[in-house]
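In the two complexes that follow, chain A is the common piece, with chain B as its partner first and chain C second.
Then we have the complex of A and B:
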């Protein structure tokens, strides 16, 4: 029995070692081979999907935010927190302003979690949810599409304008077409970078607010027409903007019409017909260093200004599809694992992990090295 | 024989080529835009045209199983129902939808389950439309109609996308509304682009005016509404001689009219609501302006006739449908509406009636699943060419109704309807590739 037991344990160890080796090298037959084309672009694999069956309150996830050892996910039915391999849900009964959680950010100063919902803004601090709405605060509207923390300041993009909350003085500011060059009152995205706040204003392009000079400037589509982009690379590709992200001195702008990149001097536009962008319909984006991740309706795109890496799910065989595009050359690869759904709505990354919020579940990918 | 054969073939080739060329000249661009009116079309081919195709919805949801315990099928309606200068139109919109719902319920509702409209007022707190659409979603509506005001409709649309809630717009003619690529909304009312093209063609080409002054409402309706008129006039070679504004609720327009007089226009275009534009017309005449007056569809209202009185004679407007057509379903609608609500239906009632019927039909075809309802509403087949009481609905790639537009002229105190002259291009295009 002892011998049998030893043999059995030995076999288990060998099998575990094989599995671990496969796991660490990307688990699939493909991902090792994709490095040459991807260049400096990180490549993710070993996708793991989480749905209601795994403890999420809903399959539809709007946003994801990584915060140290935990992952915060905004779903259509509450806030889900993944920690120690377990999901825990927070809903209206716990103090959430609305079950529909559209955006999440974490304050680096305090660790407070700010949650934008379909029915107001929450501050989750020390286990308690504090709710801000149009009735009890200076919020412009209760539908909070985007929230970010920038030092002591919290910025929101709402259905009725952008908002600013100074957590020290507890003062609110509202920015609409009445006091900012917005053209329209509604806003959908906000980000911070280089002592500036960038606001994606639906129909108003991008609004830049300089936090030092308190001056605004706007970036709009130079051709002024909704149905066309007249010239390539002449400015933001469309005035209807859905998201902004700033990193490495580059401003990235998402629209439902394509992607724009601004380095402070020059604009560059990207469409599905003239680049590796998989779809012009971009729900959200987030940049990290030189790389931007684009949540589109046809999958996740990573882009560093040169190389595109796109992750898709083949619904027929549930396998992953990876497209690597350099210039006009695209290499198509099949992966053993895939993102949870091609309609990607949110993304976040930390270390070697990336998380996606999608139309059907959230998923975690690991950087393949 | 051989020569005859070649001659015949050559002639046919030439003829077909000519026919083909003629066909290309007749073909309209996005939004029924003639070559002459294409933005920058004389000088530059656009790097990207955004509305050559439909935006697909690739998200999940089609697999959702319909509930089995429903006692009513809820449909939302977002409109200016109280506290707005647009409330009369908002209530007409609601009543048009109610009539469609009641008729559907008489026919058994949806599999024996009655339809019910949940009305929501879009006037209130700043950005109320966003909050109200969220409430509708919480009330578990399957789709909604809304609204009239441009800003509120845009706000509602963006929430509809997040909630994946089908939306049918029946009252906002803002051209930019469907130029958002959000695949959850269709619009079954012609927009201000169509109205502007008809009006520009009529004013400049048919009537031969060349100096047009515009007095418009100082709100988004006025700003965005006149945009296509201004651009089209410019592309015809006639920049506006003046464009000035007034605020809703103003009653004295002396300053604006003095400025118009100084600009020496040969005609005036008014773009705003019926009450203010009627007051403007009266004061123009009092101050000696006898130029022809043209206007947007909102002038086509009993309120305009009542306030303007005899001064309304000869005023020409656009209208998104012709309520006097001898079409059986329109006649029945007019009769039933008047019987049910005690007043004549207006343009908002008629289009809401069509919009609600489209939603009801979509539910009957697709079942109670929002994504599947969306699919049939946007498939460019099921409702393409839909014969509503407002006429034939033709959707373009942005799901905007580019069906026929009408014009009216006030004659003997009544709006007389007539089709607009066909749009033509008077210049040949040489587009830089």
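Then we have the complex of A and C:
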């Protein structure tokens, strides 16, 4: 019965994708001509939304992480795992440190899942939850905004500084304004790349930690202006940073005031008024290869350095909106399905799927080919 | 005249001796009475002052370097037995036809296990106190490579294609996976707490890893011990099987068909007030069975009998026909033979409720235990000959291998490994410590709660005058000879007192050790129990940056605000090197409602990283909690002024503390730390 249901589900999805394509293009199905404006940027459609009535523990989702055949979602009421078309929830009773799950990463080495919550850090390994808090371990602070695995090392961005845990030596490190070039200990995001760790520090721009030399340096907004970006492309667009992601040698930095791109030599800023960025208010971002996805208060933006593709939900008719921007030209398309909510908080993408965590549900999109 | 002077001299000497004899004898009597807490211990200076010598010529003369065979492997053709001599630091090659040691290969510090490649040409030996594995060419009998591992490498398992080596890191509670082509450690997987043994499933798809200590459980809850299942294809942990109310899962073996994996285990009753020993109220001993084909069902069955306990089950092997299992009981010097057909029948016909009931049933073993075979002292590792006809038993405290016919179920011969022929006093004491013969119906040995002469990580309710009061966190026996008093309340001023009359009244509920036995036990505890090297946190004495900062905090005299810390509230006042205890009683604000009013003996901190949980009643799961959770009033040192990173540094320093000898050898350095002026 389960298999039949799965086959039926797949068939519906395929059919929906074909219909969506026809609907969007208004023409017969010709693969290479579906979204010529998008160029190499993938375009997603056939959005499917999951909420409490589908098995999520809460509609408010903070983060999403794809892990092979399963998807891990952090919500305000626990960890939700989507596997074999079913949701399963893990709560404090199961060993979760706190019901509010803000960030998730999976160790490529061990497969262990590291979960950042509002009340501590969990290692979830083959069903066993291990809890680290500021009381029982060297964890800097129990509010974990971001967690990443970098080989045997785990890094966290917390309300009390950035933290580093060496899973081999079990040594904890805490980085705050006391020992790193930060303005205050509040850190919001962390990522790894090119043997460096990048930390989004609230009010402190981006802190770079070189894992080989063990030295810090910071990247702050050179103009120091909190209201405007006075000089274009002079550095990170704002000192209040909300997320960082590194891929293909490029560091992407999210702020509530725009997006920054750093190639190791030059900074470039992107804003809603001079690019396809739908909103300067960026909650989170994730880059892979040349593409970065930006979670904003007005929808999801994808960008590969040339083309912007934005996904929004029209609250009036619940239909989706796709905006494809190249330079100053934007093409608007209407889609039959949409993302679950425009306030997007988390994103992950692998293969032909993209998953979003929003303030009203989780949604999955499929690449339209 | 000269004659008279000589005569006078002799008279004077005799008179002096005569006059002193009475007061000296009286003083000696009082001294011995104080030390032993009894008034009839023989006055024999040598028993206490000679056999407890740790260093020097006398120590060398009275002690001996034993081999202590531990784990073994057999060559694919069965002609050679490879024996780990745990304290000889050697791998012994024994001819099974000649019953003689052919070769002794020096290996690393405190070897633990050996595994042989299928072609029989090379072996891997884990060196538990060196954090590495030696590869040995079995043709040239030379060490050809050293592979770095995690902390405390124990059991070794080769992958099916023999391209990977799984190393159980017993101290860091991990499994290292080593790529034998690149000779590098690929990754470390989190295992249970204090894992020691592992085995490959018959289909070669999974590695089962057993552990000894309970997982960190909420305070006051029964132990739960993990058996970790690693998927060999993905090299990731696939499942964690939990054995409730059990611990000390020393070894595990699969039946050839793979229908069962069987591990040895102990079921402690540590949370029950120790008002009764009979009926298994302190410890029971048995096996844990996993049925991989039956949704991974987990069953526990005892190997004890209603009036006889078979303490400290250690190794297990299963015959190639899958019909019999053999288990060593290192606490009672027996091998138990289990009829696996009877086990299968029992499992097939029993409901889940019945099996749950059987886990505490002392009579159920009559259905499947078919023989008890006596062995020499402290049987440990087992290995079967390739044809399954012979079972080799490592008799650790005999320096001997017993050979048992698996058909006759009798010992047919023993192989002398040619260790020292005499039994020293300390060796005798070690046998006593490992043997359950002095507890009621052999229910437990000292070793049971002090595995590896350390501690088992549990909190016991050793009922005194009231039930449910004065919980006691088990303390280590390592390096304790020089740091009286004993017990958390410091009531026992000497090991004699602790292990003499108090031991019999509190723990054994049977007769106490006789004086010779007590002398021997004390000699072993004082001289023979070392701390392992702290390779994990302080391999060479060079502290990390965080440890150095932590050391400064440990020796600080002023708070962050510049206020002087009262002398009695400084870390190093109660915890000075070399043992990091001043051997005094103190109030650190940890007395609970269930404790009688008392002060607590300041515990030693050598290798403190491996002694969780902490405090007298084990309420502090981690070192951090000592100060974040249980030091509200700043009585356990001043800690509330510290920033979190300072506390982390202090904890890193505490974890770096090594055995006392290291600090004794560098005492001037540490005197300078305490008193910089």
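Side notes on the structure shown:
Just so we're on the same page, the second predicted complex is superposed on the first by the 335 of 369 C-alpha atoms of A that agree within 3 Å, B and C clash if a C-alpha of one lies under 4 Å from a C-alpha of the other, contacts with A are read in each partner's own complex, and residues count from 1 in each chain.
Methods note: contacts are C-beta pairs under 8 Å (C-beta built on N, C-alpha and C of every residue); 3 or more make two chains touch, one makes a residue touch a chain.
Keep in mind the model is a prediction, meaning the values are calculated, not measured.
On the shared subunit chain A, the superposed partners chain B and chain C are arranged side by side without overlap. Chain B and chain C, viewed from the C-alpha centre of chain A in the overlaid structures, lie at an angle of 100 degrees when rounded to the nearest 10. Contact with chain B, but none with chain C, is seen for A:98 once the two complexes are overlaid on the shared chain. When the two complexes are overlaid on their common chain A, residue A:140 makes contact with chain B and with chain C alike. Of the two partner chains placed around the shared chain by superposition, chain C is the only one that A:126 touches, whereas chain B remains out of contact. Of the two partner chains placed around the shared chain by superposition, neither chain B nor chain C is touched by A:211.
Within the superposed three-chain model, A:160 lies in touch with chain B and with chain C [touch as defined at top]. Judged by the touch definition given at the top, the superposed model places A:350 against neither chain B nor chain C. In the superposed three-chain model, the partner touching more residues of chain A is B, compared with the other of chain B and chain C.
Within the superposed three-chain model, A:326 lies out of touch with both chain B and chain C [touch as defined at top]. The minimum CA-CA separation between chain B and chain C in the overlaid arrangement is 6 Å, rounded to the whole angstrom.
In the superposition on chain A, the residues of chain A contacted by chain B and by chain C overlap at 134, 140-141, 160. Those residues of chain B lying in contact with chain A across their complex are 30-31, 39-40, 44, 46-51, 55-61, 125-127, 129-131, 134, 137, 151, 154-155, 158-159, 162-163, 175-176, 179-182, 220. Residues of chain A touching chain B in their complex: 59-60, 62, 98, 100, 102, 118-119, 134, 140-143, 145, 158-161, 184-186, 188, 202-203, 223, 225-232, 237-238, 240, 256-258, 269, 271, 273, 280-281, 297-298, 341-343, 359-360.
The residues of chain C lying in touch with chain A in their complex are 150, 172, 186-190, 215, 226, 228-229, 234, 236-240, 536-537, 544, 546, 621-622, 624-625, 628-629, 643-645, 647-648, 651-652.
Against chain C, the residues of chain A that register as touching in their complex are 109-112, 123, 125-128, 130, 134-138, 140-141, 152, 160, 167-174, 176, 178-179.
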